[in-house]
Structures are given as C-alpha cells and as structure tokens.
Amino acid sequence: MSQILDDDQRIIEFDVRTDEMLVNMGPQHPSTHGVLRLVLRTDGEIVSEMEPHIGYLHRCAEKIGENLTARQWIPYTDRMDYLAAMNMNLGWSLAVEKLLRYQVSEKAKHLRVLIVELNRIASHLVGMGAYGLDLGTFSPFLYAFREREKILDLFEEVCGARLTYSYITVGGMTADLPPGWLQRCEAFLDQFEPIIQEYHALLTTNAIFVKRTAKIGVLSPEMAIDYGCTGPVLRGSGVDIDLRRDGESIYTAMYDGYAFEVAVMKNGHYPRDHEYPAVPRDAILGDCWHRFFVRMLEVVQSMDLIRQSIDRYSQCKGALGEPLKLAEKLPAGDTYLETECPKGQMGFYLVTDGTSIPWRVRARSSSFSNLAVSPELCRGCLIADVPAIVGSLDVVMGEIDR
Amino acid sequence: MIIALLGVASVSHYLVVGAILFSCGVVCMAVKRNALGVLMGIELVLNGANLNFVAFGSNYLAADGKSPLGLDGEVMALFVILLAAAEAAVALAITLNFYNNHATVDVDRADDLHG
Amino acid sequence: MAEFLIETIGLPIWLAWTCIAGLSAVLILNVIAGGALVFIWAERKIAARIQDRLGPTRTGGRFGWLQSLADGIKLLAKEDLMPDGADALLFRLAPYVSFCASFCAFIALPFAFDTVGQRLNVGVFFVVAVLGLEVFGVILAGYASASKWSLFGAMREAAQVVSYEVPLGMCVVVPVMLAGSMDLVTIGEKQAGWATNWFIFHDPFTFIIFWVYCTCAIASVNRAPFDLAEAESELVAGFHTEYSGLRWSFFFMAEYGSMFLVSALAAILFLGGWNGPIPVSELLGLSDGVSATDPFALRIVGCMNLFLKATAGVLLMMWIRWTLPRLRIDQVMTTCLKYCTPIAAAMFLGVMLWQLFLPGGLVAGSFRAAAGVREGWLEQSYRKESADEESLSVKTLSRHVFEVSR
Amino acid sequence: MNQASFGISVSLFASIDWHGFFFLLFAAIACVAALMVVLSNNVVRMALHLVLSLGATAGLFFLAGAEFVGAMQLMIYVGGTLVLLVFGVMLTAQTQLVSLRTPAGDRVIASILAAALLAVLVQAAFSIESWQKPGQGMVSAPTATPLGMALVGVRVDQHAEEGLLAPKSGYLLPFEIVSVHLLVVLIGAAYLARAKRRRVPRPVDLVASVDSVEPRSSGNSSTTILSGGSE
Amino acid sequence: MRGTDFISELEAAVDGALIGRHLDVVDPWLEIAADKLLETCRWLKDLCEIRFDGLQCITAIDWFEPDPKKAAKVEWEPHTEVIYHLWSTKARASLVLKVKLPRWQGNEEGKIPELSSVVSVWRGADWHEREVFDLSGVQFNGHPDLRRILCPEDWDGYPLRKDYEMPLEYHGMRGR
C-alpha cells in the first residue's frame, strides 16, 4: 500500500494560505442527484471537509403509513426510489407476506423476478448516464436513456405506468402479462447485448474516465460494513454479499434454481461468465471505478436472470393468483425484511396491532447509509472529485428523505 | 485637426510619452499603500524606460534614417521585458508570503524591523 | 486593388488606402462572426448526431439552419442582468476584452497568399501573444461577478491558459524554424506544391508536434476535455454564470472565434494553409509555381482551401467535446507540465537536428543527403532571405502609410 | 514645441497621416491609463488600467518598427507578468484590502514631485535638435531577422556601417545569462512561496487488505440466530 | 451455535442485560435493559463468536393510544420502544434487540427519554440515531453531533409520536 501513498499526488501541500471558504454545492446544483445540499469547507481547490444536508424531499411517508392499510401504502413505496419502483413494491409486499406467512403462486414468483430484474437494468442505466454527466461527458446520458425508454415502454404495457408502477402488491401482481410481451422483452434483450459493450468502450475503459475515477473516494471493506453501506457500494469494496443469494429465506426462495454469479471481485478477479473489459492498472478495489464497474456487471447479470425467468414463467402452468384483499387483516406482531434493490439493501419494518392498519411502518433506505459515508470519502479531495464520489454512490433523494 | 498640426511623430514625441509613463510609475510607487500597487508602479517605470530604448533604436524614427542606438535599443528592451517578468515573480512571492504571515498587504503595516 | 483605386478613380493615395483598410477590417470581422454563427449551428447538429438524436429541425427549413439566428434574437431579447455585488465597470468590460482579444488576432492571419489584414513579420508570434490576452476577459468576469463559483472558474482558467502557452509557443516555433521566418505568409508559401511539402509530413518529429499542438490548442481555447472554466457539473457555469443576454453572447463569440483562429493557425503552420494537397493550378499551367504572381482568382481558391481545413479542425474539436469526459484541474496541469512541454521540447530538438543533417523534408531530404554540417549557415541563410525580399518587391500597406507626403 | 516640426501641411483634409493618428491614439491611451493607475484606489481597477497602458505601449512599439519587441511585450509582459500580478491581486483582494486610501498630504507632495520630474524630462526630450525632425518612415517592411541574428551573436546590421574598427559582437552571452537567470529566479520564487502547511489525512490510509473479509460458503440464506434449538 | 446457546452465552457475558426473550414470533427478539445496551452491543460486535458487524436499522415506536376509548382495551401501557436490527456479514445471521423507554423522562411532558448512543460501536448508527431523535424524540448520549436530520433545525415537536399536533404555521407558512 505504501506504493500508493507516496506517488499519489493526493498528499497535496497547501501552497499559499488563501482564506478557507465555505461553499454550497446544491440543493439546486445540476450535478447532485436531486435536492441534496453539500456544504464544502474548501481551501483553494482542496475540500477539507464536506457535510451533506438532506431532508429537502421529506414527505413523511412513514407517518402516512400509520393510517393506510398495507396495500394502500404500495404507491408510497413507489415514490421512495422512483428509479426502481418495482423493487420497492416487491420489498414491501414480501415484508407483509412474511408477516402473514403467505406464499404467492409459482408463476407470480417467476414474474416478480422478471419484472424486478428488468427494473434493475433501468435503474443502473440511469446511474451510468448520470455518472457520465457528473464527469462532464453528455453523450452516454442520452444513450442510457434511449435504452431505458424501451424498458419503460415494456412496463407501460404491463401496468400502464412508466415511473411509479404499484404493479407488485401484497399477495401477487395486479395484472398478468399482455400477450406477445415476452417476445418483445426478448427482442429488447437481444438488441441490448452489444450496446453494453458500447457503454464499456465509451466510459469504463475511457482513459480520461479512468483518470477521473481510479483511486478516488476509496472505501475500505471495514468502513463500508461499519457504515452500513450495501449493494454495489459494498460489492465495489470487495465484500461478497448479495441478498438474492444471502438474504432471508422468503426472498431467496424467489431466486431458487436461478444460476447467477454475484458481481464482486473475489480473489483478484471479477466473475468471468461474460467477457468484460480488464480492470485498469491504477484502480484500487473500493474506488469510484469499481463501484461503477460492479453496476455495469449487474446489468449483464440481470439480463441472464431475465432470460431464465422468461423460460420458467412460460413453462409453469398454474394461474397467476389474485392479490390479497385491499383491507387484509394483519395479525399482531412485527417483521423486518431486506431485499436487494439496485441502490442497495432496502429494508421494510412493519409493526401491527391486529387491525388491518399497521401500527408503525419503517423504511430503511440503502442510499441513506451509502450517503452517510460520503463525508469520510470526500475529505482531502479536490472540488472536481466531490461530484465524482457522490455520483459513484448513486444516491436517490426520494429514498433518503422518504 | 490636431493630427495635421503635429505631423509625423518623431523621437521626441516618444520620449514625452516615455517621460509621462515614468513619472506616473514613480508617483504610483511613492503613493500606493498596497504592495501590489507599488509593484504596478515598478512595471510602469520599466515600461517608460523601454519606450525610450525603442524610440532611440528605431531606424524609422531617426531623422537621418540611421538610429543612434541601432539594434541595441531593441535588444535592451527585450532584456528589460524578460527581467521584469523574473522580478515580478519574485516580488509576488514575497508579497504573498507577507500576506500569509500578516494577513495584509498594506505596506505601512510592514514595520516589524522597527527599532 | 489600391493601384486600381488610385489610377482609375483618382482617389488621393491616403483615401484609397483607408478604404482598403476599412474593407479588410469589415471582411475579417464579418467572415469570422459569420463563421461563428455557422459553427453554433454545426455544434448543435454534430452533438445531436453523436447522441443519436436530430438537433434543431424546425427553425428555417428541415435542417434548422436558422437556429443561430433564433439564438441571436433570443440573446438580444434577454435582459442583461448584473448581480448587485458586482463591480459595474469590470463586469461590463470583461466580455469585450475577451471578444477583442480573440478577434484581434485575425489581423495577422493570412487567408491566401498575401491576402492578409496586415502582413506582420512576427505574424505567428503576434497571433499567439494576442491569444494569451483572452484570459484577461475571463479573469475580470470571474472577479467582477462577485460569486465564489465564478472566482473559482476564473482562477482555474487563468492558470490553465497561462500554463498551456508554454508548450503552444514551443510547438509554434517548429514550423517557424522550418520556414525560416515568423511571417505566416512565408510559412504558408513554403508548403506549396504536393501534400508531401506540408510541414506535418516534413519529418516524424513535426508529425508528433502537430498532435501536441492540437492538444495545447484545445486546452488554450478551453474546449472539450480541458473545459474547466465552465465545468457545469462542478462550478455551475464557471466565470460566465452571472452573464446573460448579449454580454454572454460576446463570450460565446469569443470562444468560437478563437476556436476558428486556432484551427486556422494549425492549417497554416502544419497543413499547408491555402495550398491544396495537389498543386492543381501548377499542373494546369495557370500559375508558374511562385504564388506571388498568381492571378487573383487563385487566391479565392486558396481562401477556400484554408477555410475547409480550419472548419475540419473546428469540427474535430466539436467531435472531441461530445465524446470525452472532463479532466480535473491538477490532471490538466500535469498533462501540460509533465507531458506536453517535455514532448514539445524533445520534438523541437529533433526537428532542429533533422534540419541540420537533412535540410529538405522527409521526401526531399532523403534524396539529397546533406554534405556534412554547413558552416556559416546563419549568415548565408540571412543573405538568401533578404535576397528573396528584393525579388518580391511587394508594395506593402505600411510603405505608403509612412511615406511622408512632401 | 518649436516651429520646425510643423513643416508639413497641405490643406487640413488633404491627407490624414495615419502614423501620427495611431501614435496619438496609443500615446493617449497609455498616458491616460497610467494616470488612472495612479488615481484609482481599487487595486483591481489599477490592474486593469495597467493592462491597458502596457497594451498601448506595445502598440507604440509596433509603430516604431520594433515588431518583435511589441509582440514580446504583448506575450511576456502583458500575457505573463500581468496575469501573475492579477493572480496576486485576486489572492489578496479581500474586501477591506481592495481599496486602501492614501492620506491627502502624501498625494499633494507626490504630485508636486511628479510635475517637477516631468518638466525636467520633457525639457530634455526637446533639447536635442535631431530628435525633433520626423523620421524617414518605413523604407521596407520591418523584419525581425536582424534582431534574431543579433541575439545569436551575428551582428547582421553591421554591414551598413563599415567605418567601425571592430565589428560589434552579438548578444549571445547576455542572452544565455538572462535565460539562466530566469531559471534561477523562478526556482527561487517557487521555493519562496512553497507550501508550509499540514498534510491532509486521506481515506486511502485506511485501506485494509481485502482478505480480512474471507468469502462465505455460498448457498444457504441468512436466518435469525435466535431460531431453532442448540445446534 | 444457535438459539439457546447464544442466549446463555449472552447472559454470561453481560449479566443483567437480558430482560425478556420472545422466540416463537415471526422475527424472534430479545429485550435488553436500557443501561446495559452499549455494553451488550460492544460485546456483540467485538467479543461474541459471531461478530455482528452490520447494523441494519434503528427504529423507534411510540406505544401510546391517543383516544381514551381504545386506550382502555390495550394490554400494554404507554412507552417508547427502540429496536436495533443487527446482522453478521460472515455468519449471515440476523438479531433483533429491543429497548423499552418511558415516553417522557420522569413522566414530565417535553423531556425526551435518554439512551446511550452506539455510534462508538457502529459508525453507521450516526445518521440512524439522528433520524430517531428527529422524528421520535429519543436523546442519544455520547452521539458526536445530535441534530435534526430530516426536519429543519428549528422544528419543534416529534412528528412520529402518536400525540403529535401539526404546527399551525412555520416561518409564516400556514400549516393548517
């Protein structure tokens, strides 16, 4: 490690002592993702201390949850991580089903995997495009959104909405797939395969992109676990945790029989199930580049999962099954379930007192903890690195402020 | 029209302009309380001198077509420009150091060596 | 032209020359301003093409070519705001300083043989010097907008442009050395004939230094990977955050003007300026090779050649802008000090040695191996150069102006 | 202004002597800007006026036929030194330092001194007869070659006057000395303004090796620890 | 080592910490004494054989029935509960700890209950505890900088409490 320390220009000596400036980046700053305000204490170009201010998008969803039944609260979960609304719905539905000890039909399980993984691709595309914007290149953002539009069209056919779907509810799905949808979905996947290589060429292996992200915002595995970071941020630091394989039994049951590799660097190399670009020489495990690369691998991984779920969905015979009643009576007790969302592990904690309206609802958001580590990463970096680091954490303000 | 009255500029016209620049520079150095103001005064003085060098070195301005200084005028002006750059660099380094330690560039406050 | 005015219309000498001066000034200003308008439209179209979308299509016909006019009207109509903390005089002056600096360099830039505003013997040096003045407009804008972000932008830009002037200067000196004179017209003329005479193909060193020149040019004009001054993602819009309306458009025109200037300079220094790749006029017998005695029509062809090459350079810059992400300030400085300057110095040395041992270009040199180091080449080359001077006997604008009317 | 320099004058509008016009223009800008540098209190305004003044002086150099010196002035002096100066102004220009007023007494004394100095210089400027006769004007376009050659040691302009005993030597030695001097000065300036500040603690110091988190045997999902009997 | 072994080891390690155990519910949980919480957490993270190095979530629930009719029927008396969800990244095991606190300290209105902060054990607890303090009103002693995180700094009242009244106006903006 000492090799990294001495040749790295990061140990920048301050030359002339200009007075320390307190500078605001956001909340309406174009680069921070949504209404996040970063207060930077800078000395010239060096950021000596950074403090994020959140709460600008706080809509007290949890207080409202104490007056609605479980199914009525689904639209509120959509608006938490609005880029991956399906994963949010699934998380909440599974938590309630875990309390009720209710098993959905086999067909519904496979359909849920299909829809959730498709939404993960859409969310990672936005993450990739916005990260390109943070580093100054505009074109990848538009390529990403061109592909995302195709996915949104598919979702529009399924549930009529393009951003906040409320499609997966407690006990199943609100509607079955329209005819011919699976063929269109497969057609999308086939034409999407080569485009991923384009994104790699455009960003991942681009010399300037590597210069801007390698060795920046290095997050050690211990600090990641200690701060409760989850998802691509954790896997970017080399910690091999993915709830689709290591989560609660009710959640991993959905993924039983699916062959997939967790996108993490294990003993020196990433999974080799597809050909990926090589890791650049000066990228350390846990820096912005690795977090970005893990997201790109997960897109490919989700495409495999979707193909497998399409086959299984078309093979199973049974009916899809109806979701539970709108005012389903919930047994007294409490339960907590975490699911693997694109931004990280999203947890829902449900406390009920026997009536159909829960007593307390709590949503533990992944970006909340991921953002908590950013002051640690931004200490001593340059001003231009702050959007690079915050962008690599891929935070969504709806999820943090709830 | 003033232009017609003055006719073509000759060496002495350049010398007058040089003199004005020189005296402005001297006053600036004497009067300004800001260290950078003094620096600017020095630049003006050097420029006044440069103008004289070039005026005397220019064949086109000389009365009989042969300038008194010949090429030396221009070369001297070049060296003055080069050395002024070096001088400004050092002067600025000193000023910024002074600013670092005393948080002011006010020349009157630089009285640490007072008895 | 001037003789025509004097003999036929009988204008007094000074009036004829004043009209010529006025005409060339208007020509330069409008050609470049017109070019800037076209480039604004071209930038939108190229950005759209690169990003798989259409770009402006509705303003004026199918290709939206009236888009820059629409932009102009919008900018004229917009209110020119000024932040209250701003320093009024400097705030108003900054865009014009930047605009004048970038347009004033076109005085010494030749468009074809001897069709140039003022043929300066130190043409190249003058252009590079004036290019460096544009940074003042930015510094004043940054300071006068009284906001932290624009101050950051201005400081970054000033540091970048000043430090990139060093390698830019070195790259510019190589063609000067090959042509033996700093006069852009002589440099352009020395590259007449086949494309192999162009300085870029003169020897491997000049080829490399051409690309170093491109990097430094892009950096000193603040484009693409080096556009730190208005890095949207970090500094909102850098030094011209507080500007709107007409003042902002002056900064915009200055940027496009200097973009055209830098690529025109590249065309003249390395890509043979107004000489096409194949000497068509010579092959067709229209001219006897010495471009001084060319008929007037060939100069138009020369202008067209130069415009094509300069536009190609500008389009390249646009292409790079919409593909590459932005560099950080310390990476920009490292590329300047640790990569551009040493490479430029090494190539400069290489070209000098090449020039000593194989005086001609790659093509000419390899045929005629040098007979050892020529002694006294300094004095000999000067006498030859002044000899050319007499044979050309070009009546320059300056001789008339300074003639004392007895 | 004695009578000799007014020799020329056909009808007032017959000829505009552009050289005189531009000389007056640049001279006016230079002098007014220099005066403004002295008069203005805001240090940033002073910097701007200084830039204007030096730019006008560069124009005067061009007019006097010294094109290389003019371009050099624009590039090195205005483009380099003054940018450095403006940097210095920006770094130190806090609100209270921007405009330091000089006491009235000093200003009066300074202006008297300046007037006296100016009178002496102007009187000297017009004292020599030959300085007042207007020049021959541009015989041929000025070229920078003789200057370049002189700097490299070959006094090409010597051929004009054979009379001198020994040809004057070129400026190669001073040229080299100045370049070395510049190098020494810049290193000194950099050393003088070097960083004397604390080292910034960086997150990279905390990078632990990855193997401390040994991968788990995959396959079984996570369960609550309180469930089940004592395995 | 699961279930009862773990519980007996916990009791041995930190005496007087374990007050109640509820193992037959959907998510089994242990009740921890308020004053022994920090010691237990430190043991769980560093000394226990299964290292609980991941703190997933800290929640606070306000057990208080506002309208008197229903209040009579409920079998619990009003209190505030703080729930810690822990997780061991290596053993893939989860654990739920609950701490019961009085709704107001010393039962006088306005003085929020106190609890020792676990930021020294898990750095991730920093923002979670700030949110619990902001929305449910629990004072965490030893927290590096306990301020409101979601609501504005000068907001009064704790929104997630059952008896919370929306303020009429805030800085001139009409609430109701």
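Letters are used for the chains, namely A, B, C, D and E, taken in the order the chains are written, and counting of residues starts over at 1 for each.
In this text, contacts are C-beta pairs under 8 Å (C-beta built on N, C-alpha and C of every residue); 3 or more make two chains touch, one makes a residue touch a chain.
Here the structure is a predicted model, which means the values were calculated and not measured.
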| item | value |
| --- | --- |
| Steps in the shortest chain-to-chain touch route ending at chain C and beginning at chain A | 1 |
| Chain whose mean Cα position lies farthest from chain E | B |
| Top chain pair, ranked by number of contacting C-beta pairs | B-D |
| Centre-of-Cα separation between chain E and chain B, whole angstrom | 74 |
| Chain A and chain B, separation of their C-alpha mean positions in angstrom | 64 |
| Euclidean distance of C-alpha centroids - chain B vs chain C, Å | 31 |
| Approximate Å spacing (C-alpha centroids) for the pair chain C, chain E | 68 |
| In chain C, residues with contacts to at least two other chains | 402, 404 |
| Multi-chain contact sites of chain D, meaning residues that touch two or more partners | 8, 15-17, 19, 68, 72, 80, 82, 87, 91, 134, 136-139, 142, 146, 193, 213, 216, 221-223 |
| Of all residues in chain E, the ones touching two or more other chains | 27, 89, 92, 94, 96 |
| Chain B-touching residues of chain D, taken from the complex the two chains share | 5-9, 12-13, 15-17, 19-21, 23-24, 27, 30-31, 34-35, 37-38, 43, 46-47, 50, 53-54, 57, 60-61, 63-66, 68-69, 72-73, 76-77, 80-82, 84-85, 87-89, 91-92, 97, 100-102, 106-107, 110-111, 113-114, 117-118, 121-122, 124-126, 128, 130-139, 142, 146-147, 150-151, 155, 157, 160-161, 171, 174, 178, 181-182, 185-186, 188-190, 192-193 |
| Residues of chain C touching chain D in the complex | 12-14, 17-18, 87, 89-90, 93, 119-122, 125-126, 128-130, 132-133, 135-136, 139-140, 143, 151, 154-155, 158, 162, 165, 169, 181-182, 378-379, 382, 385-386, 389, 396, 398-399, 401-405 |
| Residues on chain B engaged by chain D in the complex (per definition of touch) | 1-28, 30-34, 36-37, 39-41, 43-44, 47, 50-51, 54-55, 57-66, 70-71, 73-75, 77-79, 81-90, 92-97, 99, 104-106 |
| Residues on chain D engaged by chain E in the complex (per definition of touch) | 213-214, 216, 220-231 |
| Chain A-touching residues of chain C, taken from the complex the two chains share | 47, 50-53, 148-149, 152, 225, 227-228, 231-236, 322-331, 334 |
